[in-house]
Each structure stands twice: as C-alpha cells, then as structure tokens.
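Both of the next two complexes hold chain A, though its partner changes from chain B to chain C.
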Partner chain A sequence: MVEAAQDILKVNGLSTSFLLREGEIKAVDNVSFSLKKGEVLALVGESGSGKTVACLSLLRLIRWPPGKIKSGEVILDGQNLFDIPLKDMHKIRGLGIAMILQEPMSSLNPSIIIGRQIQEAVELNQGLSGEEAKKKAIEMLELVRIPSPEKRYYNYPHQLSGGMKQRIMIAMALSCKPKVLIADEPTKSLDVTIQAQILRLMQALRNDIDTTILFVTSDLGIVAEMADRVAIMYAGQVIEICDVFKLFTNPAHPYTKGIMKSIMALKTGERLNIISGDPPNLMALPTGCTFHPRCDYCQEKCRTEVPQYDDISGEGTHMVRCHFPLGVDKTQAEGKGK
Partner chain B sequence: MGMGKYILQRLAFTILVVLVISILVFVLTRVVGNPVDILLPLTATTEQRELLTKQLGLDRPMIQQLGDFLKSAATLDFGDSWTQRRPSMEVIFDYLPISALLILCAMAIAVLVAFPLGIIAAYKRGSLLDRFLTVLSLVGICMPPFWIGLMLMFFFAVKLGWLPTSGIGTWKHFILPAVTISFRPMGNLAQIVRYEMTQQLGEMYAITARAKGVREINLLRKHALKNIMTSSITMIGNDYCKQLGGLSAAVEVVYGFPGFGHLIKETIQSMDYPLLQAEVFFTAVIVCLINLIVDILYAAFDPRIRY
Partner chain C sequence: MINDESIKKSLVSVRNIKKYFPVGGGLISKAKSYVHAVDDVSLDIYTGQTLGVVGESGCGKTTMGRLVLKLLNKTAGEIYFKGEDIYKYNKQQAKHFRTKAQLIFQDSFSSFDSRNKIGKIVGEPLVVHNVAKGQELEDRVAGLLRTVGLKPELMDEYPYTLAAGQKQCVGVARSIALYPEFIVADEPISALDVSVRAMMLNLLKDLQKSHNLTYMFISHDIRVVRWLSSHIAIMYVGKLVEYAETPEVFAHRLHPYTEALLTAVPIEDPTLRHIKCEILLGEVPSPVDPPPGCRFAPRCFLANERCFKEDPQLEERRPGHWVACFEDFEGQAEIS
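After this line comes the complex of A and B, so read on.
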C-alpha cells in the first residue's frame, strides 16, 4: 500500500493490561492508529480511557509489575519497537519518540537545575557536549520563550511557575529532535490563561519545526485548534478515527456524537446534553460493545456481539467500532469494504 | 533566615539539650544505688563508709550536689574520676577521640559498601540478586556484633595471622573492629538506599528522564541518587550517634580496644559519678553536633531547603 509507506508511526493491535490480584484491567485494548509525517493526531477520551497508558506503551515505559504490554506492534519508521531488546529502548526514546508528560509540577527532577536537565536531552540525542550542549539548551529555553534564559538555566524546578515548568518540559522534549512527539495533556493542570499560552506556543512550534505530534487531550476545543485527525478512545479502545472536520460535522459513533452534542448545546443555548451512565469498570467490562449500556441506539446485537473496527469511508480515513454507525447504512458500507 | 543565625539557634538548643540530659542522669544515677558500696570492700566498717560518703560529698542534700555539679560543669570541670583518680576530662580525652575515629572508619566502610549494593539491588529489583542482597543486609543487621567480632578475629587474626587480634597501636588494629561495627549500619543503609531508590524510580521525573533516552543505570546514578541523600545521611548520622553512645561497647570489649564504649560500660558498673557525668555530657554534645551537621548537609543536597 502506498499510504502505509508514508506512515512514520503505525500502531497495530496494541493491548496493555494491569494484572492485579483482583483481576486484569485492560487499560488499552487492541488499539490501532497511524501517523503520517508532519501530521497532528489528537487522541481524545475521558480520564481513565487509556490515553496515557497507550502513550507510555509506545515508549515501552509500562512498569512490570503490574503493567504489561500484551500484544501488538509499534512500527516507527519501518522498525517494530517491540522487537528491540528492552535495554536498547533508550536509543529510541528521545530521538525516535519524545514525550511531554501531563504533570509539569512533578515531572522535573527537583534537585537538578533545569538547564542541566535540558542539556542532558541535548547531549543524549544531538551528539553535542560541554559548552556547545549548554548553548543549545539555552537556545531551547529561548525557543519556548523563557525570559532571560541564561539566568533561568541555573534555576531549580521549584523556582519556576507551573506554566514555565511545562515550557521546560516542551523544550526538553524538543531538544531530543524526535521523529514523533507525544504531548500527553500538556495543559491539563494549568489554569486557563496559561493553557492558552502553552497552546499558542505549541502551535507556533508546530509550524516552525514540522514535527509529527500525537496530541493527547480531553478538550475538544484544543482538538479543533491543533489537530489534523482525531482518534476517540473509550474504555481502552479506539472507537472512532477520522479527520477533524468530519468529527465536528458527521460523527459516526454514538459516543462521539454524545460528546459533540455536549459542547454544541453550550452554543445554541439549549439544555446541556450529557451521556447518561458512568464510564465502565475496566475490570468488569460490559459484554458486546463496551458502550452499549450508555448508548441511545443500543440494539440486541450490541449487547452480545463485539463490534469490529470498520472502515466506513471506503478509503481508510474514517474507522468506527460500532454495529450501527450513525449516518451509514451498515450493509452498504460492509459491501463497499469488501 | 541566614545560615549563621540558624547555626547559632541550633547551638543554643544544644546547650538546652545537654543541660536537661545532665540533670536527668545526675538524678537517675543517685537513685539507682550507692557508689560507696562498690568502692569499698565488703569488710569495710560503718565509720569507713561514712568517711568516704563525706569525702565524696554524697552526704549533702541532693539539690546542693546538683548545684555544685552544674557550676563546675559550666567550666567543663567534672571533678576527678573516683576509679581512675585523675580528672574526668583527661580520661574522656584518652578514650573518646579514638572511638570517634574507629566508628568514623566503620561508617565509611558501611557507606562504601551499602550504596553500591543498594543501588544494584534497586537496579535489579525483583531479581534473585535483589532478594539475596536484601537477605544479606538483614543478616548484617541481625547478627550480634560480638559474634561477628569473634568470627572475624578467628579467621583473619588467628587462622590467617594477617591482622592483630586485639589492642591498639597501628592502623591495622582498627581494621577488624571497624569492619565488625560496620555490619549493622551497612545493613540499615543498604536497605534504605534500595527502598528509597525504588521509590524514586516510580516518580514522574524518572519517567521524564527515561522518555528522553536516559539509561536506567544513569537514571539511578545521576538523577535518583541526589534525591535519596537526605534520608541516607539521616540514617548515617543516626547510626553514628548510636554506636558512639555505647553500642560499640561489645565490639570494643571483644577486641580489647580501649575505646569510649568500653569506658562507658565500666563506668556504669563502678558507679563512678564524675566520670559518668562527663561521658553523658560529651555524648550529648556530639549527638547534637552530628544532628546539626546532618541538617546542614540537607541543604547541600536538596535545593528546596534553605535556612
């Protein structure tokens, strides 16, 4: 396939579980998606839907025990990362895939000056050392718009604000010059004005450096601003994947439609639509489609049969995991697929 | 608050602690027994006993004795030792420095062994090696020091003849007692290092470091090590104080090492009040000073702490 050749990152059937005494938690269950070079894919889902675990699995940073990547493959630039011995993964981390974590407050080492921490990323991934690496680290501080970077280089994390720490995290991840950058809810724990600043910064950087980004968020406003395509996660599975325009105009999965409606209502002044029920217990998932107890369109088949991950566009651009996708005559779509 | 002011404050606190402990020991020793019974043979007459009681000043009211003691203690004069018949201060300076040095050597050995072992165990956590090291450190903590002392003496001094069996004189006399004393602090420290390291490896910053390509072993050495220093030096300081405060006595007795622990043991047995007071005074001062040093070191390792 021609398209597959352009994919810089391809995730196939990724499953990660946490094996606890009480049972198995399928945090990520048979997840597949791909990223083309230079593209921004948003990974969207409510908290606990497995977004962060999926990201950490890509870097093989799931800690055993109790976490375990059970199956799947992650192909970065033609190389399956799960074939590499774990002790050599440090060569992929940073240079291949870098990650911005969601908690800037605790994600920096409290006893090392921030300049040194960025410099370490430069030294490990850009082959620079000593004064050169230090100069580069200061440049990176400038890039993320830290005022008087030469002085800030010597600051410890506790001397910076939350927003500044998140900029440091971004600078550090970018210092790795990664092929793919994972941004795991980079604005989650910041207040709104700082959120806006960080987002503006990321957008500006995106244009400057032309990186491929996997942007994890639970904020659809951010999705509209940042992303080219969107993958929606529910209970550890990707249930719909399509481009941003289609997501906002023509969502096919009832869950996606539900979350879209819950923001649309704010604009039209109608009562806020909510998705009834609670997120599922990952240790005792519903049978059939995991969303069926909360679904307005639920039918008998949904309770018993696990839906397949189907292409409803016929071109591989709109995938849905639903027996009865909205706005699609399923039988016709199946025919098309074959 | 400046560092200078902090240190002054702590020194004032030290004086208070030493004062309270001195008074406590003064009262307690006079409650538990009569030194005259120990100093004189069983055949001594009542007159002889009364005479000695008077000579030692034990016939006066206790509050007066305490006043005299505090007055002279303020000028570091604790009076002559009853058993050794020379100034208590002189006796202390014969025994304390050599023990302080011995225990310092023991702590140095403990640190040099425990840190690498703890780090290796944390690096290989969950493995057979980790479990073996954990058991080993427990053994180090649990084995009675006098027994370790006898075993080491048997092998290295008696069987192999590499080291002297007992006494002092050369640096070689320090090796066996220092190694023997080091076992317990070594086990303690190795466990602290291993536990704290594994905690650090689960922190968010550890994930950040791994995500930028830091190798696991460098994560331990360059990132986590600095963050476990505060708890480690607390442990080291604590163990040093315990050993100097008398825990080393058994080992010193086994090796015939004329040290402070040995001296404390004998002084308690002979109820030599002036000497005992001096010993308690200096132990308290040293414990306070070591705690002060530990607190100052905190600031050196954790940038968030400022005095």
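After this line comes the complex of A and C, so read on.
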C-alpha cells in the first residue's frame, strides 16, 4: 500500500433518510469511508443495504421529498460537497465524481445517437465544441474498445448490445476525467462472458489512466477480482472495512463471516452456511446491533448497545462495527475501544 | 449413453427436440424467418439426479425447460417421460403429467395472484386436481409451508407482506404440493441475495433427498449449478455443446465455449485474479436463421474452415462425456 497517497474522497458520518408517512427509513446511517487516489474500494451489501443511496448521496442526487441527507460531510479533494450551493453541484457531477448506473438501457436517450450523447458530456464539462468535441467522443469510444468507433458514433442505443451500451456509459463517465468514478453494479444485467470483458476493461482503464473507483456490487467474486479494499454494508451501516485479502482470510464481523462461509461451500459441495432470519426491515430496525437477531454470537450487550466503529488492526486498516469481533481477543478489543 | 435404451432407464429423455419461433408474418402472410431457440437437443435425466442447464441469455435454456414440461408446442423431436412421449398424451394423461412435473419460477411473486392469501396460493394445485378440501386441505397446506421452513400462520398473509426469500419458498411449497417427481427450476435463485440464496439452495437439496425429486436446474451461474447438479448441459444459441457429469465437466472441458464460460466466472479469491487471462471476445450471435456450421465458430479461437461449413454433432468423446466440436480440445486453464 502506498503510504503517501492521500485521501481523494472522504465520507464522514453520512446519514440519508427517507421520511415517509409510515415513518422514517434510515437508508444510510452514519457511514464513513475514504478513498485514496488510484484505489478501488468495493462497496458490498445485499439489496436494501443502502449501497446505491449512499452513492447518490455523494452526488447529492437524493430528491426531497421524501429523501433527505441528514448529516455528514463528503470531502472531495479538500472541498466539502455539502457546502456547495445545490445549483453549482453540476460542476462536481461528471468532473469531480462520475457515476455508471446499473441499467445502461434506461440511462441512455433512445432517440439520440450515442456519439452525440457522449459529446454532450464533453461539451458541458470540458468546454469543447464542434469538431473537437466529436473527435474527443470518438476517442472515448476507442478507449472503451468499441470496434470501428467512427461508424458506431452514429448508432442509436437500440442498435447496440447490452455489453456495448455499458461501454458507452463507461466512456461517458470517463470522458470528463473524473477524480472519482462510482460504478453501481455495472455488470448486474450482463452475461458472464460480457461481464468478464467489462471487468477487464475497467481493470485496464484503471491501470492506464489511474482512476479512483468506488465499485458497488453484491458479487464477492467481482470483489476478489477488482477491489483493493472492501466496505461491507448491512442495514444502512458500514459494518466492516478492510483490505480485500483480509476480507477473504480473516473477516471479523459475524455477518461477513457468514456470507464468506456460504460462498466458499459452493466450491466444495458442502451444505451451505445459512444466516438465519430475514434481512432487516428498515422501518423497524432491531435495537442495539442491527444484526443481532440473525447473529450466532449474539450476547446481551448486542441487544441493547449500539456497537461503535472499532479499529481492530490498530493501524486504521481494519474497522469493524461489532461488540465481539471474531478472531480478536475480547479483553484486548475492549481495551482498544477505550 | 444417449440412445433408445436409455429412454427406458431415465425419467426424462429428450431426443432431437427443436423449437423454432416465427419472426414477422401474420394471420395470412407466412413468417419470413425463425428464431432457432432450441435446435436438435438430445439428453437424458435420471431419477433423483439434477441436470444443470447453463448458458448465456438467449441460449434457449428457458425454452428447453418449457418444452420438457409441455408448456410449449415443439417444432420437431420427442420428449419422453417414463418412457412415454409427452406430446402423444391424451387429455387425461396430460392432466396426470401436470401433477408429476412442476415448475419453479425465477420470480415467484409475479406468478402469484396478489389478491389471494398464501394459503390459497399454495393449496390451489390440490383443489384443481381434487386432492383435498376443507380441513384436510388446510392441514396439507400447513404441512407444505412447514416443509419449506415457513410458519403455517403465513397462510393468512398476502404475498406482498413476505420477504423475497419467503416468496420464493412459497413458490417451492406450491410446486411440491402434488408430490411431483420432476421439477424444472428456472433461475430460482438469481433474484435473491447471497444470504437468502444459501437457504434456498439448501432447501432444494433437502427436498430432493426427502421427496426423491429429479431436477432440471436452469441457471446462468455456473458456481451454483456446480454445487447442486449431478450433470451439466451447456447450451449455446439453441445447441447443446457439452454434456457430462459435473466433476467430469470441470476436470475435462472439451468444448472451447465451456472453457470460455468457466474461466469468465470471477473467482472468490483475491490471490487468483484470473480475468486477465484470455477471455471470450464478441457477443452472442442472433439465433434468427443462424448460418450453417458451428454456431460458436465466429467467436472460437480454434475455428477452421470446416467449422463454418458443417455443423458438429454431439459425440461421446470420453465415457459419459458428450461434446459437439470437431477439434480435439481440452481446457487447460486453472479453475478452482
């Protein structure tokens, strides 16, 4: 790990809620993480764990009502994005942070040729125009390995396959050279062979142009393939952050451990490990640790006290939100907690 | 062995089945072209075993599943259930077949009538086939819910109040209501989260043991198929390209497409970042009036002239290991 690299994106205590008639949904609850330049951080969690809402909150794309960013700060390159007037946020979107969405089919305009759509992003954010912008758009198509980009420039989205459309999205996002790229499950709707192509492309782009990526996914195979560090989300909270090797060898949170075990058993053919119970209802979260009703190691303390973010490595590289993290001597952990 | 002999021994036998969907055309005008969704597929499924059908989207795996349940009309070929051709059943036999062969959907929720309570949804097959009514029906439904690990009290709930995993369990409860022998599971877990997925897979395996079920498990996730299936059939644009027992397929990958498909799956081990190795380029071709020759040829690194002219037939290259490829290929890449 590069010591000198500084945090390009820092998220502190981010909380986003949806205020509905039935009550408040804490979709993102006190989430903190940071990204170093050139790093890939995977944000992992099941559906409803708040991954996408967290990403949209970074770009302040939460619509009020009913959504509201309640507290926290997002510091991009030393600038707190929550201090900027909302009308100036468009300068950050695209140039500062760009996002690749899950479904390229619904994010592209079906009535405009794809080249024009990439060009639009280039014109708005880089101040290029006319032939220059077009040249840049074709350059971007080339970058994401679209064959014969001059011809493809004139294609409409429906003329492209799913994998190609996702490449267009990547091209659009990268066209402004963002400081941070958020990829929200970019391969979710794609076949494995196309997924492999996209992942490989993203790896190559990362090496070539040194992009910092926040990679949202629920597939631990992709995590192993792509990430440097991993943040695991559960019920709106980040419950564990560590580097990818640690995650696969020594996960400390019982939830992480449970998921790891069930995935590893797929290879050996053993009976799969089950995390009992259902994913939590965000309207009525359990008291104390939100995972306690499903946890095998649950104790009295877990039911009543909300666990704090603990650094179990002592170097700030492995953070866990658990009273009794696995593989850590309890008394020692308590001592560190104080 | 895929021959006449094996039709008698196996529970389900598929012989040279074809399904073409017309494209264009109308009431009077004839269709101009056809989607070759399933094209000349033959295989056997034995009692108590699980056949995993794997392939990319559009390879015909769902059509295959519907064909063996007689939910579609075939274009050509035969499908035998216990040695009898299901497309030659009379009305009564067909109704009996419906009790013996069932389907689990990818998204059970959308197959439920949302105005009905869980009890009615699960009990409906029992009512339709006059198996039980009144108190007996209720007891049977309660028993079914318990079998799939749900509380019988859920009977009085509506489907929308259930979590995703529970909905899928209700779908399973309904499909085992009539003690079927054969179940086609069409991507039953692809919409579920990791923690719920494990529960669902365990349930399917447990039911197989306790009810002596035979599965045809359709999935695009080779990791899951490997865990559940005793046999694997790999399809590519309507064609069966490789078919063998699961460990055999993983140990000896005889078709270049199988190799490409297996190596494209990300491995859950950060020390083995293997996507950097050679991967399949290009996209799945259109199944509308495909050109002659091997359908994989345009993407295949081994393809020669013959591959573009002749269609390779399925042949048994190793004992019990069938493959449709002219080249003498065996995958070398390390997959865990």
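Here, the second predicted complex is superposed on the first by the 328 of 338 C-alpha atoms of A that agree within 3 Å, B and C clash if a C-alpha of one lies under 4 Å from a C-alpha of the other, contacts with A are read in each partner's own complex, and residues count from 1 in each chain.
Methods note: a contact is a pair of C-beta atoms (placed from the backbone, for glycine too) under 8 Å apart; a residue touches a chain by one contact, two chains touch by 3 or more.
As the structure is a prediction and not an experimental result, all values here were calculated from the model.
J.: Determine, under the contact definition given at the top, whether A:Gln195 touches first (chain B), second (chain C), both, or neither.
T.: Second partner only.
J.: With both complexes overlaid on chain A, does A:Asn273 touch chain B (first), chain C (second), both or neither?
T.: second
J.: Regarding the shared-chain residue A:Thr317, is it in contact with chain B (first), chain C (second), both, or neither?
T.: neither
J.: Give one of first, second, both or neither to describe whether A:Ser161 is in contact with chain B, with chain C, with both, or with none.
T.: In the superposed model, A:Ser161 contacts chain C only, not chain B.
J.: Touching A:Asn12 in the superposition: chain B (first), chain C (second), both, neither?
T.: Neither partner.
J.: With the two structures laid over each other on chain A, which partner does A:Asn250 touch: chain B (first), chain C (second), both, or neither?
T.: neither
J.: Looking at the complex, which residues from chain C come into contact with chain A?
T.: So the residues of chain C in touch with chain A come to 56-57, 163-166, 193-199, 201-202, 205, 220, 222-224, 226-227, 260-261, 263-273, 275-276, 279-281, 283-284, 336.
J.: Using the touch rule from the top, collect the residues of chain A that touch chain C in their complex.
T.: 46-47, 161, 163-164, 191-197, 199-200, 203, 218-225, 227, 244-245, 247-248, 258-259, 262-267, 269, 271-275, 278-279
J.: Spell out the part of chain A that touches chain B in their complex, as residue ranges.
T.: Interface residues on chain A, with respect to chain B: 56, 59, 61, 63, 65, 87, 90-95, 98-99, 101, 103, 106-112, 120-121, 124-125, 156, 158, 169, 172-173, 175-176.
J.: Using the touch definition up top, name the residues of chain B that touch chain A in the complex.
T.: 126, 202-205, 207-216, 222-223, 226-227, 301-304
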